[in-house]
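Accompanying notes for the structure given below.
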């Protein structure tokens, strides 16, 4: 039988498939057996209660979607009292995604969610850093380093940094996160995009712009996951556009230790469990005993360093 | 009758539809009446003779493609002797795309192609700047400003800067190009991506990574075109993922004065002429006399500046 | 046992057993009039425990002409566990519904549902009134079936551009409802006429609860009438949806709950809400 | 006149009139054996002025199961201006060919072509020999039709895994060709056996030119035999394609032309090249 066990630093997962933050909630238990997942990853929460962005909050683009949900949040207290206990019914590691608009606020919520029942913290650093010029922490190595250092000081739990594709410095940002003490990287969040209704001439999202997710994002996030795996020594968790088992295998070969499935769950709520079964079947067919054998097995021998680390298409 | 005439600075085009560099060549005359196009845009050329990247040079991703053609070039002399005369048979403005790996080389080819029969120069500044850290000129405002200043000094022809999506500083780069004297911006080039063959475990492109083009790129390039149009006073030419007339109208509403059609021509070689007919029909149906009435007509009144200029999805 | 084996053995499955992703087979897919089509599906029993007002999330087919990506929410127009049948009445709108229209007899359609909270019919609500226009009929139609099953009296006020685009009149009548038709063509569908018709019914004492769906104007009208005459009511609302299950929080609308403005998910807390808490938009 | 009017009046059109994007109708699409299928299309005259060795670029259909994006290049297997017919013999490989396999009688398929440079048959080449294996048959088949039309003698050496997956034998025979079959199962398809068969034919004086397609091993074999016996030959090559028209430069391969290594586009300068200039890969 195939061994799907996956280690993300000190954390051991029964398998490498988990949901992406914001595309998963307690509600999915109605359709899917939540015990099958490698981990549970919650929607990003903030310390304060927040309303989220104006509607419409999603729109469709060819073969993918945009969202500008924002981070509606019932606040940390509600979360600790209601959400953590829900997930603790399951024997699956719980990863809590957090965010804030300044490094200090970020550290505070990090400390507050470091409670029993939480197994790792995912820092959604793709949100605007309002103390600086409003660009997301994850867009620059310096701001990434600063915020991750603060978070590292605020919690002893495994700390994952979720990177953004909205940068020309993927590798520098990845290395900054590692240096500041991140235990893993999640690669990546959504890509800033836009769509306009040609009849009303209004932006299709209430918030004007939003993040691209789904199959269109895959080749971009895969490239980032590959670059990150090549440049850091901590595990990389691939995320972006996964909808088939081939996509998952591609991420693993590129160097990801595990993957997060987001938008695909909206199209097929059973996607994660189906993909898990297909991954097992794929490994069996290929006579691969251990899923970890795939990780980083890309045959890129000929590629010069300069190519691996390039940040633009020539 | 609808007026499709479009002005890009001092250059007047019969209509706003032109090919994107590298997705068009003399060969298309066999399928399509080249006189119908708003302009002819050549594949990027370099001064020296170059071979291009290893094969495979293209691969398919869900609903789009990657390419790492590189810039195979027969050199400037061949170009001047053979290509320019070919296009001069047509009564359509000729735009020559150029590139080089240092700002000085760039300026030299810019000067050398500033010959009669050429109506504008498109600077493909998405190529690696080997004198610096190998990142493309278009990834940073400073390098963009430096190279565009040199180019501006080297030619009196209208000068277009072609931007890259591989940056977190779209607006800063756009403003740098304008300040350095660009007459228009082409937004944008392809986005760095990757695909792996899960059976051979080899990258699907001989060059490891390559640029994403086609429908997947559209929401990203549209967002960039919008941001650029909001932040500069020179015309913006939209480019990325256009395959339907709705796509073109979206770009125009977002603020683009004209558009370039790339990958769609590979799928439907008649695409540009079909789209032109459909654009005319659309304007007629909507009772719009002049295509310029669409330009920048996006109803974004409510959007705060901070949102327009943000560089990450919240 | 491997996951694959457990999946096949049915051991890995829905925890509640209420909501399912299921493949259905197209029995028919025919035009009702210019813009509307009726889709009849052969559906498994597992998804037929439906309530009026609930909806399904449809995975529209992908073709060379139409490439919808997200699922599309559709109210249940008809359901029958006996016949193993599920029906949707849909309006040709864009990519997704046009793709639906391409479905041929025998094709497969993947559906997710039943979803959301449907209409309430309290035991003391013996006389029901529904007010529908356009595609709203699709949402309100199953109320007639339920009213009949529960032995309640139903008045259906159906509004449309003209008599020939009025749908489902026969259906409502076959369910024993009294049908009142109002049309733009005859000048009987404006808000004042509607109000008069409803208030006449109220004065006849045959309105214990009112139901409507979709439109802002009808919402406001029923809110006023309901407040004046102290008659409860419900409205089914629409909002753009991605997941349909409550996960993504894209489908929120504002509600006035005990003086506080709250955001509720149409797919989860709705699509049916109390008429007085719903907010006009 | 507006562009739309000019388009409709046929005034805006191909400058050369040789290559067209055209819609065809599927006449049949049937399995030939486990892996191969034959697609027969009803095609307009405008695209039927074909040469053996040329290809078309097919816009495969998009379905819920298969979503190919780029066109797929396919050699012309058969063409007949009289019958208004175009045929492709294709192997089920991935997304695109699987989508092709879903085409039903009456469906539309958009094709672009004919494209590229086909095989040469010089007037002095009275005796032709072709060496084909697998799907290579598809590319070489129209040579038989052309050889017959020109009154040339043709020897067709067909190689396959076993007799039952050998295709088109009847077709070659009906075109008056002598057919020699070699199979892995019978141990007659190795390079040495092939060489012996070809050299026997050469010694019989019935080989003025040789044609092959695709495989590296067969290329090398014919290069050696051609050099030894001074017999010219041609090979049809394959390479990943995007545009098919010569614009994108993705389909290049290396060639040895007068001692210089050059890069030529398979879609434009090829797909047929001289056997000695082609380079093994």
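For reference, chains read A, B, C and D in written order, and residue numbers begin at 1 within each chain.
One rule holds in what follows: contacts are C-beta pairs under 8 Å (C-beta built on N, C-alpha and C of every residue); 3 or more make two chains touch, one makes a residue touch a chain.
Predicted model, so just to flag it, every value in this text is computed and none were measured.
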item: Graph distance between chain C and chain D, where chains that touch are linked; value: 1
item: Per Cα centroids, the chain farthest from chain D; value: C
item: Distance between the centres, which are taken as Cα means, of chain D and chain B, whole angstrom; value: 36
item: Distance from the mean Cα position of chain B to that of chain A, given in whole angstrom; value: 32
item: Whole-Å gap between the CA centroids of chain A and chain D; value: 47
item: Touching two or more other chains - residue numbers and ranges from chain B; value: 61-64, 67
item: Junction residues of chain D - those touching two or more other chains; value: 67
item: Chain contact topology (line, ring, star, complete or other); value: ring
item: Chain-to-chain touches, reported pairwise for every pair that qualifies; value: A-B, A-C, B-D, C-D
item: Contact set on chain C toward chain A in their complex; value: 2-4, 7, 12-16, 18-21, 59, 67-71, 95, 110, 112, 239-253, 263, 268
item: Residue numbers on chain B that touch chain A, as the complex places them; value: 53, 61-64, 66-68, 70-71, 126-128, 134-136, 138-140, 164, 166-169, 189-196, 198, 200-203, 207-212, 215-220, 222-223, 226, 241, 246, 249-250, 253-254, 297-300, 303, 306-308, 310-314
item: Residues of chain C touching chain D in the complex; value: 61-64, 67
item: Parts of chain B lying in touch with chain D, wherever the complex brings them together; value: 1-2, 22-25, 27-34, 36, 43, 51-52, 55-65, 67, 69, 72, 214, 263, 265-270, 273-274, 276-277, 280-281
